[in-house]
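Note that the chains are named A, B, C and D in the order they appear, and that numbering of residues resets to 1 at the start of each chain.
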């Protein structure tokens, strides 16, 4: 009888998982540099860069001015010329300032040069609402998903933060990697050995028979809470963590939705022209009218820092449970 | 027998229709000012501002530096403080540079001040492909549609260019008004008397029985050409010009699609998280699985200035006709 | 200008923020203690019709502009009695009718908006001018350049005031900004620039007065850099990275003590007057707290009102 | 440096663009005749490993950088034999392996990209430097400010070269830009700036050489403003708004005639040599035309290749 190799497991906070991925990859690949506000000795707003400055020095972990437009542009140019920059945009709202270099240059440089240039740029940012108000709470993943040439990933666990960041650092084109403010306090287990999360592969977070919830990032937590509540009512939810929005693992969503016959898409951002609208279209294209589909996202309003209004705007488990009850009653 | 009042009709080019709306409104409302590159004595890239500089002077028709970010910001601030600025962003691609003031300030100022401020800003821009390449051809309407607080309109005829611009100039919040490069050579009739096009009201461009095409801006022309071609095959297309994307006239789309039983959404931009995905979702929500739906938009690639590649990327009538044949065969 | 009132205004800000800091239930806040002289000196140069725009660090400026402390506190706590009905909250407080056009928490995001407000006032024939307060952090961003250029071209009635507290979160100004003096950035545009001691309320007031007068008389924009120091960490939720020695040294240049000492030396501030002021502002702060606490949170349905 | 070669390079650009202009079937183009001395003077200061980035007005710079005229023409016409296989087309031509990192048709959009390329070269220990060519129009945008600041802080090997042809489409520079000299914009950042006569190829070359040397030796960025004049309208599809008198006056300062006259006066350009050069470049242009016309358009399926 052969002995099974033991997989040793470590438990890391979200921020530690990110730092671990960066540390390992930076040691492996000298071309990786980090650019961003307060990423140096401060270690990042969420301490997700902690230790890297000390280990790799000021040339590879660079504090920058508050100048998102140029930081994305500098990152794009540096990537096109042989580095692998990670540009940290503290909050996704401020990525708007850098969309011109990201969309008009980075995402198109390979195409427009007929393949002469590649732009392996990673924009790492943080989305979502946590009491910071109208200009610090937005989720713009849907915009980015629509841009040919861009990849978009958003982990919901430390293991995937680690694994997706590692994948991102081996891509040949631009990637937007999206954290969520409410996930940083989370700790989670992962193998001690390197384990990479490939792009374009969703993951089952919970198995169930009655309804599929397709979601990602912090909304996975909301989905899990809703599933718990519904389980008490005898409703069995299957939850898919998309992890990667572009490329999108439609096959897994279709597999599940085909089995359960009902699909709820759940995102924190706006639903109009959102992630859910896209998934719904493509699932219907594959599975036809048999699957009931609904979507949940933020109310059509800005997200206030006000605790009452923020909670009212952004989806919570009660809203998700209500939507699922409605879907199953339909 | 009472005599019917005669409605006199004038025929204007697209650019003349825009200039007419601006001229009439600027004469009516002193607070209207125009800011933009080459909008002054030059009269705008498409001559759509011709004559206004001479009539209203340099204080109200202001040439600006090539500084889209600040022009949208200045427009937003001026609007919040009592003017009605029209900020011209020559090509929609460059609106990316101004998304921070547009989305993070203009669209949220009313909300975040609890109603103390209103921002009646108009951003007038031009979308679409006409040989100008990767950074001058994009259609970003879907991004804008998703922003609470923003309205988005896009005329397809001179009459609606006139009528929607007039409506926009009477709005109390920010509006993005989108022209299309390929529409400027078009002339069209409109009443000599003022006729305003309300926001949120779609229009039938062609009546038909077999399939509904919901589209807007220049793609209406592509839809009309496809309808002609299909008519020869005995397929009768109904074409809806949405005109206004936010607010969206879902009722008209549902009325038509409910009758024809088939809906094709047609947009020039990317379909991922696009206008069509949104319409499809909402139509299905209303009408259920009985309606067959497909969508057509650009290929998932940048738009080259290359004549062959541009034509391959952007929808043409052959692609639309093919999609409709597929839809009706399904 | 009653200089004792300037002192009182600074003391009110200090006391207001100290109370906020002692109450962690209020959530994180962006405090400005140490920087009171910038806000107070600038606001003392403005008239009632002028408009002030600020960065997210807006408590001091809002109070210095004369907003009611109770309503300011209500807004910071997300209560309905705030001028924005609790929707703006920290970083976005506004009361345009009181000459406080508003805070905006996008760094540098208020610059072009302020230029627009100035354009509106100019176009509408108003005599009012616009002051825009921003941090050193905003000086690395392109909005400053675009604003300086357009304000110079159009001779906008705009006073740009940089509260250079020498840090953007943890990043020292020298690591983020190449210019020796930030006010130099204005010079290529022909815009007058000046750097003053931002811990000295009289120095700020004097310089601001000159620039406000320039703007009001049609002379166009200007750039006033006030070198200050933030006594607390970036926000109440942010760890501080400065050494105790650096903090101690800086705190020994307190703008309030500087002004109080000066007034005392001139015989304008007897010890009991100082004590009375302390008592006065403490009362104001506790009245503000009662007012704000008594105000309800908005109803959840408010999430959908005033959107469009 | 053979000065006759500089003349020839300018003549090639002029002849190439004239041929393009005579062939309206090629669609609209952004010509640079009148501005040849800027491109040629700058490129003469670069070595093979250096990288050049330009604005959309890139024909002159691409040819001056030594790209093959046939391949350049093929790219402009959207033919497969272009360095970008006809996908970039006018405004986006690039051949990084030849030191022409590329044109980018977003005004000011090449500045931060160029800083990034410079950061990469610096980080990778290269001796090469980056030159970034942009118009006066780009000087009103914030990217210039952000680029100057970061390039100064990080001492990037970057030479910023403004081809100030005094117009952005129809807008005269004075109506859009407040600074007296555009090169002054660099000064607050401690970045050396200089303004030279952009119609004089030797003046451009000399100044560029100095700045290239500075960058190469670790001295960091610089800003060279070259005052020039565009002889044709903004694009072949744009109406010109300048008066005939203004155009005539400007055209009388032709960079080619200036250089030719100077060389002739020094006895370095006999009439037959000039004629030979004319013949030479005409041959090169017609060879380019044959080459480009023989190249096929890409297959429509190329629309989906090299996307991601």
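Just so it is clear, a residue touches a chain if its C-beta (ideal position, glycine included) is under 8 Å from a C-beta of that chain, and two chains touch if they have at least 3 such contacts.
Molecules present, by chain and UniProt name: A, B = Pyruvate dehydrogenase E1 component beta subunit; C, D = Pyruvate dehydrogenase E1 component alpha subunit.
Quantities reported herein were computed from a predicted structural model and do not represent experimental measurements.
Looking at the partners of subunit A and subunit D together, the chains they share are B, C. Seen from the C-alpha centroid of subunit D, the farthest chain centroid is that of C. Chain centres here are Cα means. That of subunit A falls 36 Å from that of subunit C.
A straight line joining the Cα centres of subunit A and subunit B is 32 Å long. In this assembly, the C-alpha centroid of subunit C lies 45 Å from the C-alpha centroid of subunit D. Contact with two or more other chains is made by residues 86-88, 92, 104, 106, 109, 140-143, 146, 149-150, 153, 175-177, 307 of subunit D.
Residue positions of subunit A with contacts to 2 or more other chains are 64-65, 67, 69-70, 93-94, 100, 104, 111-112, 133-135, 148-149, 300-302, 304. Taken chain by chain, the contacts link every pair, so each chain touches all the others.
Listed in rising order, the residues of subunit B touching subunit C in the complex are 31, 33, 59, 62, 64-65, 67, 69-70, 72-83, 85, 100-101, 104-105, 110-117, 148-151, 173. Taken together, the subunit C residues at the contact with subunit D in this complex read 140-146, 148-150, 152-153, 175-181, 184-185, 187-191. Touching subunit A in their complex are the following residues of subunit B: 69, 93-94, 96-97, 99-100, 103-104, 107-108, 111-112, 133-135, 142-143, 145-149, 246, 269-270, 272-278, 280-281, 284-285, 288-290, 293, 295, 300-302, 304. The part of subunit A that touches subunit C in the complex is made up of residues 37-38, 40-42, 45, 63-70, 93-94, 131-136, 299-302, 304-309, 311-313.
Residues 51, 82-88, 92, 94-97, 101-102, 104, 106, 109, 111-121, 123-124, 142-143, 146-147, 149-150, 153-154, 305-308 of subunit C are the ones touching subunit B in the complex.
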